[in-house]
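The same subunit A turns up in both complexes below, where it pairs with subunit B and then with subunit C.
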Partner chain A sequence: MRPGTARAVLLRLLAGLGVMWGAATLTFIALQLVQGDQVAGVLGTNSLATPAVRAQVIHEYGFDQPVLVQYLHWLGRLVTGDLGRSYQLNTPVTQALSGQIWPTAQLAGAATLIAVVVSVVVAVLTTGRGRRVRSAASGAELVAVSVPAFWIGLIALTYLSFKWHLLPGAGATGLSGLLLPAAVLSIPLTGILSQVLREGLDEALRQPFAISVRARGVGPTALVARHALRHALASLATLVGWMVGSLFGGAVLIETVFARPGLGRVLLSAVTSRDLPVVSAVVLLVAGVFVVVNVVVDLLYLRIDPRLRTPRSA
Partner chain B sequence: MPSFALRRVRRASPLVLTLAAACALAACGSDDDATSTNAAQATGTPRSGGSLVFATEKEPECFDTQVSQSDVSGVIMRNVYESLVSQAKDGSFKPWLATKWTVSPDARTYTFDLRDGVQFSDGTPFDAAAVKANLDRIADPRTKSKYAISLLGPYRDSTVVDDHTVRVRFKTPFATFLRNASTTYLGFHSPKSIEEHGSRLCAGGPDQVGTGPFLLQSYTRGQQAVLVRNPKYTSAPGTATHTGPAYLDRLTFRFIPDPTVRVGSVVGSQVDAADAVPPNQLPKVQRDAALKVVSTDTPGVGYTWYLNTTNDLFRDRRLRLAVQQAFDGEAAVKAVYFGAYARSWSVLSPSTLGYDPALKGTWGYDPAAANTLLDEAGWTGRDGDGYRTKDGQRLSTRLLFVPEYTSEDRAALDQALQADLKKVGLELKLVPLDSAAYEPVRNAGKYGLIGFAWGGGDPDLLRVLFDSTQLFDDGGNNAARLDDPQVDAALHAGGATTDVAKRKAAYATVQQRLIQEGVALPTAVQKRQIAVASKVSGLTFDANGWPLFYDVAK
Partner chain C sequence: MIRRPSRVALAGAPSGIAASVALSPPGRRLRGSPAVWVAGAVLALLVLAAVWPGLLTGRAPNDTDVAHAMTGPSGAHPFGTDRLGRDVFARVVHGARTSLTIGLSATAIGLVAGALVGAVAGFGPKLLDGVLMRLVDVLFALPELLLALIAIVVLGTGPANVAVAIGIASVPNYARLVRAQVLVVRGTEFVEAARVLGRGRTWIVLRHVLPNALGPVRVLAAISTGGAVVTGAGLSYLGFGPGPPSPEWGSMLVDGQDFMQDAPWLVLFPGLAVAAVVLCCSVLGRAMRGRTACARGDASRGRRTGGAPASSTPATVAGRPARPRPPTEGPRRSAPTPRSSTSATCGSPSATAGPRPRSSTASTSTCGAASAWRSSARPGPGRARRRGRCSGSPGRPRR
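Right, the complex of A and B next:
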């Protein structure tokens, strides 16, 4: 890695830390805004717990300390990697989340893989074709983006699993259990990706280099796959941040419909039960993923587009 | 948000002062397990073995039922943690971990004779010291019990009289303790597991050690909890139909929150049973020959509207009665629940102890009478929208609700009431509030009506809902803000005695008065409906309307 690149990475990581601190602070403020409910968050709403238990909770969680002291304590604990204890589960948050990260990563990874493969194939096949092929493709993409994923999930489960028994249903584990939810989660993603890709490809094909390549005797499909694709990938890379958000948002619904373990479901139940330490931990985790993904994407730009590799000072 | 959740309060009143329930019941002596199982098989009934997958809507947030307050934790852990006594559906108490018991006349001291030879699944003996350790743990604020501690009420202490005798004392008379003691929440952990894992017992897993017919083998958050048979089980409750180990080898609770997927899973034979089948999915199950529906009326108070008796309008009894008579309950309940639920005649559901059947048909839809009452009250004018007016003011009131806690069916009932009231010229505004904003408005009594359900098997739950000392600000749920000396007196009479006939009479008074005064307007008798594969037998419900698995075979 060149010193310039290393410096860029370092700067971005520092900025990332700033983002994390901002996310942590915002979460803390949100937590304070519902302060009246903090004891309820621990004890559950409508709890018939005795005043002695309430007092114990207030004391144990430090709800009686000044807000600034609570904030500093909380930041201090975060720096040392202590995310606190889940109100509801009564276990450390890290422990509550640890088993949930992998299932969501699997789901998101598989969905991304499916989306990328399908959209690249669709885009390469439909670029530079006649109007009919193109409008059919963009029509399909529009539908894919607009139809709610959970609804597709319900339909897919009803037919593929409950009726025809082709695939395992809710609560299934293993690779076959991953296929259906990942495919459903990938649908809106595929729609957007192939749209953006095809636009990028069309743009690339209008460049003068396309004609030179064709002049060398390279076929149209090879031109798209080998040369234009690289140009289009740059616009795709900008979407990665959005993809992370979309995948995580989708995971909340998909995990619920398919009764899969995972962060999305944990977040949903934590929000409904006001388990604020868990909510804030998930927020921080997702913020962290965003930061890392964005740094990686920035590095990817350098690989995809050689023109960006020249040091800025030059 | 308290009032909206389908609640569990089973803070109950005493029931039978069951002195020395005899060992006549099968559950009580030490039986030869093998024989009883074989005998059952000989008669062609339940087969031992097999596994059952039960799909639930909710997932426990904590498996330590001495800490947790959730129903689903109670349902699952009922198979692991056992209680001193068990309550039959008729309200009577049967032996369980206690073979007999005595209650002092002042209802402050309970003495339990414990069953011989019972062991926790980790080998620790179940004895008087174990009872004391558990009750002391619940009462300790550091345990942060959300619910069980309220079931101990004015707990003073427990004394180990001898290995098999324990005495529990209360600071003030506590007639409801036997019923409370029958719930999972006062079920017993192995003292060894408390010592070793104490604060981590919420997590769910093999550290959860009880005396029950199943062991909690594993828990995968977001997916399922797997229980396996306890082969050494000997302590079946007097309410069960067999003794010795459970029939099932394996019992899996799978958490499937979406109702369509849950019901689809049982229709597609991917699970053996699906809990909480919504009425609109019921026909799908009924059409399927491989499935049956096992259901029970949910005990307690179904979805009911409470009319704020301190409100400008509803302090006038005539207006309350007008609302009652304007509501076409028959039609609304039929439309909303697709004919699957019956309409309620009392605030208590028929499966609740002390339900007063005499109320049936004594009140109901009579729009002409409602109009007459409103005329008499002086609301004789009409405005451009067809609503009644008096001195230029429109007859209008508000129903508060929190959308996130209001299920579709309840929202539909609210709308039906709104439409019916419009027909007699009363404007009902349905006011949505988010949960944070709702509580202060509610506690200040700034509403005409609110609606919620309140689960529980004992009529003492009416005290939290209607006693004058139980306003929201007092920590109670007196949503009608009722201050009625007759109701108060009857509630206290019912809570102070253990004589079933006297209790029934007291709670009948309460139920009748609530309807006659138009204070509460009940809607439908809610049901717990479980879709079960036909080959599954023995699924029954306890006094709280919870499914029981010990007698289940496949």
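Right, the complex of A and C next:
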């Protein structure tokens, strides 16, 4: 890694820290906005707490301190990795979340894999064809992107699992249980990816190099697969950074539909019971993953595009 | 040489319609495109259902008829009945009001707040711009659904809060787009001319900047209305929407999902209604963008200057449900960069060409190019000129 690259990565990470700080501040603001309910959240909804107990809770959680002090406390705790205690479960948030990260990561990873593979195949097969093929493909992509995935999930679950018994139903674990939710979650992503990928391929095929490669006697498929695809991969990598967010949003719904464990489910129950420490931990986690993935994508560019590896001239 | 379809029109315009718009002489194909007509008709029907449900169905959505519970689609009940014998068709029709209201008001909230933030950032002092855009960067790092959920924690549940939550979650989209537009228009000669003529800042913003920014924003609004309807249905499905008895598409899905094996129509039709709204909004939004590009008149002229504003519409490429925020991800991706306020601007041109390779090392150069683009952009011969003409502004832009 050249020193320039290292510096750029470092800068990126610093900027990422800025984003994390912003996310932490955002969650703190949310905490402040619902503070009155926070006490109730700690005490439970139907507890008959005496004013003395209330005061004790307020004091224990530091709700009586000046906002700035509370804010600094909050940041200080976050820096040391202490995300607070869940009001609802009365366990440390880290403990409540740790078991849920892996199922969601599995789901997201499998969905990304399916989306990337399918969209590369579709884009390679449909690029450079006639207008009719293009229209058909883009129409299908529009539908894939538009139709709500969780609804497709409900229907797929009914027919594939319950009626035809092809795949295990809701709540199943293991690889076969992962297949259907991941496939459903990947549908909108596949639509977007293949659309962007085909545009990238079309763009690459219009470049002069495409003609010279063809002139060397390379067939059209080989041209796409070996040369144009590399150009289009950059846009694919860009989208991966965006997919983090989209995957997480989709995962909340898909996990509910398929009754899968995971961050989405934890988040939902936390939102329902206004368990803000858990919500803010999820927010920070998602922001952190976003930052890391985007730094990785930046590094990927260097691998994909050799032009970026040479020192800048201008 | 064969005339290539303009890249801008094609970029992120993969639908058959948009592609045909790009390939055809301006304005012609668009009006005749059957898909646009169908989408318009379906949306009109849904709006009719929302405004005047009694016209489409004589039944009340909550009339129970246990004798005919769980019957499949038939002449009397075109969409079947649910476990209480309520007519699913009537419920879908009556549900249109809630769902469309959530979608439209969320879009309105996001649009107004986002335009305000974007305009202030684009036209205000540099420091304010920096602060606002960093804020937007942070929001971009979080998925829209998560933002909406945070808003729901603060606001509470219910259809009105769902709409506000979705609206808040979409503010960053509009803020970035409007800011990019403002920066483009701000650098034009006709704004300079207006300034030389002694016009005040507010006047310029209202008269030149906002009208010019409107084109792409309108496209984004059209497409993300569909997205807001889906997010709304999703949030109701998760239990944050209106309570059980009221007919709403998302909560109908929850009601129906336990009986899906025996009565698939309970889930099929409300879901189809949601899908129809999104599809129609996407189709119309894309057609609108095609028209914006055509109206600029440069489609026929071939090359387009710099980053034509219309192409900078994020989310145009794919009106995506939960997250209508696709390939423009060029700008998003760079959210955590210190320079990203510039790269948000870069986003516009790079969205044109599809996201382009940009590494940490290369990001400066891209942004440099973008600012060069910004300064050289006389906003596509088109938009501004057209506006100038339409508004009869004194500062009529030079071609």
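In this section, the second predicted complex is superposed on the first by the 299 of 314 C-alpha atoms of A that agree within 3 Å, B and C clash if a C-alpha of one lies under 4 Å from a C-alpha of the other, contacts with A are read in each partner's own complex, and residues count from 1 in each chain.
We adopt the following convention: a residue touches a chain if its C-beta (ideal position, glycine included) is under 8 Å from a C-beta of that chain, and two chains touch if they have at least 3 such contacts.
Not measured: the values here are computed from a predicted model.
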Which superposed partner A:Leu89 touches (first subunit B, second subunit C, both, neither): first
Which of subunit B and subunit C A:Ala149 touches, first, second, both or neither: second
First (subunit B), second (subunit C), both or neither touched by A:Glu203: second
Which of subunit B and subunit C A:Leu276 touches, first, second, both or neither: second
Partner chain in contact with A:Ser138 - subunit B first, subunit C second, else both or neither: second
Which superposed partner A:Thr256 touches (first subunit B, second subunit C, both, neither): both
Which of subunit B and subunit C A:Gly16 touches, first, second, both or neither: second
When both partners are placed on the shared chain, which of subunit B and subunit C touches more of subunit A: C
Touched partner set for A:Thr112, first subunit B, second subunit C, both or neither: neither
Which superposed partner A:Ser186 touches (first subunit B, second subunit C, both, neither): neither
Doubly contacted residues of subunit A, that is, touched by subunit B and again by subunit C: 34, 154, 157-158, 162-163, 256-257, 272
Subunit A-facing residues of subunit B, complex: 1-3, 5, 7, 9, 11, 55, 59, 61-62, 64, 67, 69-70, 141-142, 144-147, 149-150, 199-200, 202-203, 220-224, 254-258, 260-262, 264-265, 267-268, 270-271, 404, 435-436
Residues of subunit A defined as touching subunit B within the complex: 34, 36-37, 42-50, 52-53, 55-57, 60, 88-91, 95-96, 99-100, 103, 154, 157-158, 161-163, 165, 168-171, 173, 255-262, 265-266, 269, 272-273, 275
List of subunit C residues in touch with subunit A within their complex: 4, 7, 10-12, 14-16, 19-20, 23, 134-135, 137-139, 141-146, 149-150, 152-154, 226, 230, 233-234, 237-240, 253, 257, 260-261, 264, 267-268, 271, 274-275, 278-279, 282-283, 317-323, 325-327, 329-330, 332-338, 340, 353-365, 368
List of subunit A residues in touch with subunit C within their complex: 4-5, 8-9, 11-12, 14-16, 18-19, 22-23, 26-27, 30, 33-34, 131, 134-139, 141-143, 145-151, 154-155, 157-158, 162-163, 188, 191-192, 195-196, 198-200, 202-203, 206, 234-235, 238-239, 241-242, 244-246, 248-250, 252-253, 256-257, 267-268, 271-272, 274, 276, 279, 282-283, 286-287, 290-291, 294-295, 297-299, 301-302, 304-305, 307-308, 312, 314
